[in-house]
Amino acid sequence: MTDSEERQARYERGMALMNEVSGGQAQPFIDSLSDVSPQLVRQVAAWGFGEIYSRPQLVPRDRQLFTIGMLTALGGCEPELRLHIGVALNVGVTPVEIVEALLQSAGYCGFPRAINATKIAREVFAERDLLPVEGAL
Amino acid sequence: MTDSEERQARYERGMALMNEVSGGQAQPFIDSLSDVSPQLVRQVAAWGFGEIYSRPQLVPRDRQLFTIGMLTALGGCEPELRLHIGVALNVGVTPVEIVEALLQSAGYCGFPRAINATKIAREVFAERDLLPVEGAL
Amino acid sequence: MTDSEERQARYERGMALMNEVSGGQAQPFIDSLSDVSPQLVRQVAAWGFGEIYSRPQLVPRDRQLFTIGMLTALGGCEPELRLHIGVALNVGVTPVEIVEALLQSAGYCGFPRAINATKIAREVFAERDLLPVEGAL
Amino acid sequence: MTDSEERQARYERGMALMNEVSGGQAQPFIDSLSDVSPQLVRQVAAWGFGEIYSRPQLVPRDRQLFTIGMLTALGGCEPELRLHIGVALNVGVTPVEIVEALLQSAGYCGFPRAINATKIAREVFAERDLLPVEGAL
Amino acid sequence: MTDSEERQARYERGMALMNEVSGGQAQPFIDSLSDVSPQLVRQVAAWGFGEIYSRPQLVPRDRQLFTIGMLTALGGCEPELRLHIGVALNVGVTPVEIVEALLQSAGYCGFPRAINATKIAREVFAERDLLPVEGAL
Amino acid sequence: MTDSEERQARYERGMALMNEVSGGQAQPFIDSLSDVSPQLVRQVAAWGFGEIYSRPQLVPRDRQLFTIGMLTALGGCEPELRLHIGVALNVGVTPVEIVEALLQSAGYCGFPRAINATKIAREVFAERDLLPVEGAL
């Protein structure tokens, strides 16, 4: 396997994983920036998913909770928050768990970040017909 | 008074205060997230307003100036900035004082945050027919 | 139960929980700021733990992963990161899972935040004689 | 020269420079906030450009690369990012250099900030008919 | 008055004001960076204080509350927080007001930022023999 | 070349480049975290340097200016700022250019971030006997 064969394999492994967890959103993402920064989107797939996300040391469910925590705290990451809340649902996190985690975020990042992320969660839940969130009280 | 009676009382005290300072925006805010995270909005009212904001150690005017400072620095808090600039006007901060505070913010958070917050202030002032800001120079 | 009895009960419930998950660090924390802001530390216990953390909608293990994600992204939260990495170990998150989550953080917050949090994790692990981290590769 | 003559001269020097590097966007910017905070926009011109940007110790090209780095990391500065990516093109930074710098930003601020800034760059390039970016791979 | 006379006058006006509000800390600050960036410290005095802080549109007490709000939210600004909490005391903000504002900050920036700023306040109060804070409860 | 041979090659290419630009600081950095997160440091070398930094689309000097801009804005990245200011000097950025860029940062991130980064620059310059900075005025 030459260097470039290996790179291609890693990219394809990442794309497959990204597609699986996101429910097919990998290719549209890649396409959206391919005329400006093909390398950036390639690295999201090849490195972010092919190298890091695919490691067995942390289960997908834990990766998603951890990631939603980071994105909530950072602020200004609405598209990524939307994606990862969707992925979290796909890998078994329940809506009420997501909502509860975002409630907890108020104590660490303040209410504005918590409310903003909860609004994004609401949009994702609405698209999947998951409102009102069962068990949220 | 049982625990749950006390909780209800605290929530109602918070709602009344939130309504008073915001000019009636408490219920619409509560409603906007009630199907996704009723607890989060409840805590804004019961804790944020009922427990903290209602304390007499700092007057409302000072709370608002301090809060607008935080929201300007955080970035990405446009809805809260809009709300609190409105509240600030309600509790006696003048438009020219808000504009001057945001001018000062340039030196601590940089011009992008200062400009962004000033645009939000402009929107709030426009809705209340307060443009051009008198005494701003 | 009067209002103040309920407040005291909530505070005590929060202190007990905080003590349990942190291995007895609640009282020293309360004492450290009692001469400057007794209400702030009281609210960490009564609200943060007594109201929020004690809710059954999310298991402690998930709360910790989510919280470490937020603290890593925020930056400048070294004392809280130290506390919560310790709590995470107490509620069953393994060192290798923490390390893996922080590896993933590089892709969302960048390497500086990931490295900084990993250094804090290293300090906590060292105190507990958990170095080298087994299974980290 | 009196104090106010000097102030006026500084302002005009800043406006001229701001207009030159931005391709005529100085006056529209000044006008956009003149009814709310004439002093804030005046300081962007008089201080930001007339005092700081005009200093000879750093060439315009370097100022732009450095500034795009700051704006990418801060998040929530889309209008300024748009302006400075345009200015960068005006002073000789190539599209492929901008794209490459933003690729590198993933390692320091994480992919969400890198992707967000790259989308803004894409908009600026599209307006100038610079897509697909030549040499980006 | 020539341009450079005006600049010198503005710098001296800023230095006098900075010295007055900070209790004589202007010159040590200027000296601390004079061998690396004399212009940066000069601009803090000439622009930050001589141009902005000296404007009459906002009273010093309000400027300080607003500024402490920004610095708390930003994080990583311990030296500036220390300075401005001291200045706030000098211009008439009471310790209990500062402590209360920082309690409120928990709801907007989260407990880690609130606790960090309160620790800094505790240091400033300790130096001035203001502990325990009277009226804080 | 097998997959693991390719990985090893990429790592070694990254280490060589990291060592070259940092003046031999790659191995100490790798060693500092090898007992807690060998993969994290490996990825800094293999991905950060071997994949990204080594690309020819941006010259090292531009990469450093851009990176110092990001680190200044992020805050809380003192070790990385120290490293990259040193690297910047190694690849031909002059002290006065660094100081000027950090002066400019005041307008985008505010004075606290600018002052903090300038203090770090001062430490790096002091170690290399570059104080007072020639031409800084």
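Read from first to last, the chains carry the letters A, B, C, D, E and F; within each, the first residue is number 1.
Note that in this section a residue touches a chain if its C-beta (ideal position, glycine included) is under 8 Å from a C-beta of that chain, and two chains touch if they have at least 3 such contacts.
All values reported here derive from a predicted model rather than from experimental measurement.
Matched by residue number, over half of the contacts between the chains of B-C recur in the interface of D-E, chosen from D-E, A-E or D-F. Between the Cα centres of chain A and chain D there is a gap of 31 Å. Note: centroid distance chain A to chain F, computed from Cα atoms, is 29 Å.
Multi-chain contact residues of chain A, defined as those touching 2 or more other chains: 39, 43, 47-48, 52, 55, 71, 74-76, 80, 99, 103, 106-113, 136. The touch graph of these protein chains is complete, with an edge between every pair of chains.
Interface residues of chain B facing chain D in the complex, by the touch rule stated above, are 75-76, 99, 102-103, 106, 110-116, 118-119, 121-122, 125, 131-133, 136-137.
Chain D meets chain E in the complex at residues 1-3, 6-7, 9, 39, 43, 47, 51-52, 55.
Residues of chain D touching chain B in their complex: 33-40, 43-44, 48, 70-71, 74-77, 79-80. Those residues of chain E whose C-beta lies close enough to touch chain A in the complex are 106-113. On the chain B side of its complex with chain E, the touching residues are 47-48, 52-53, 55, 57-58, 62-63, 65-74, 80, 96-97, 99-101, 103-109, 135-136.
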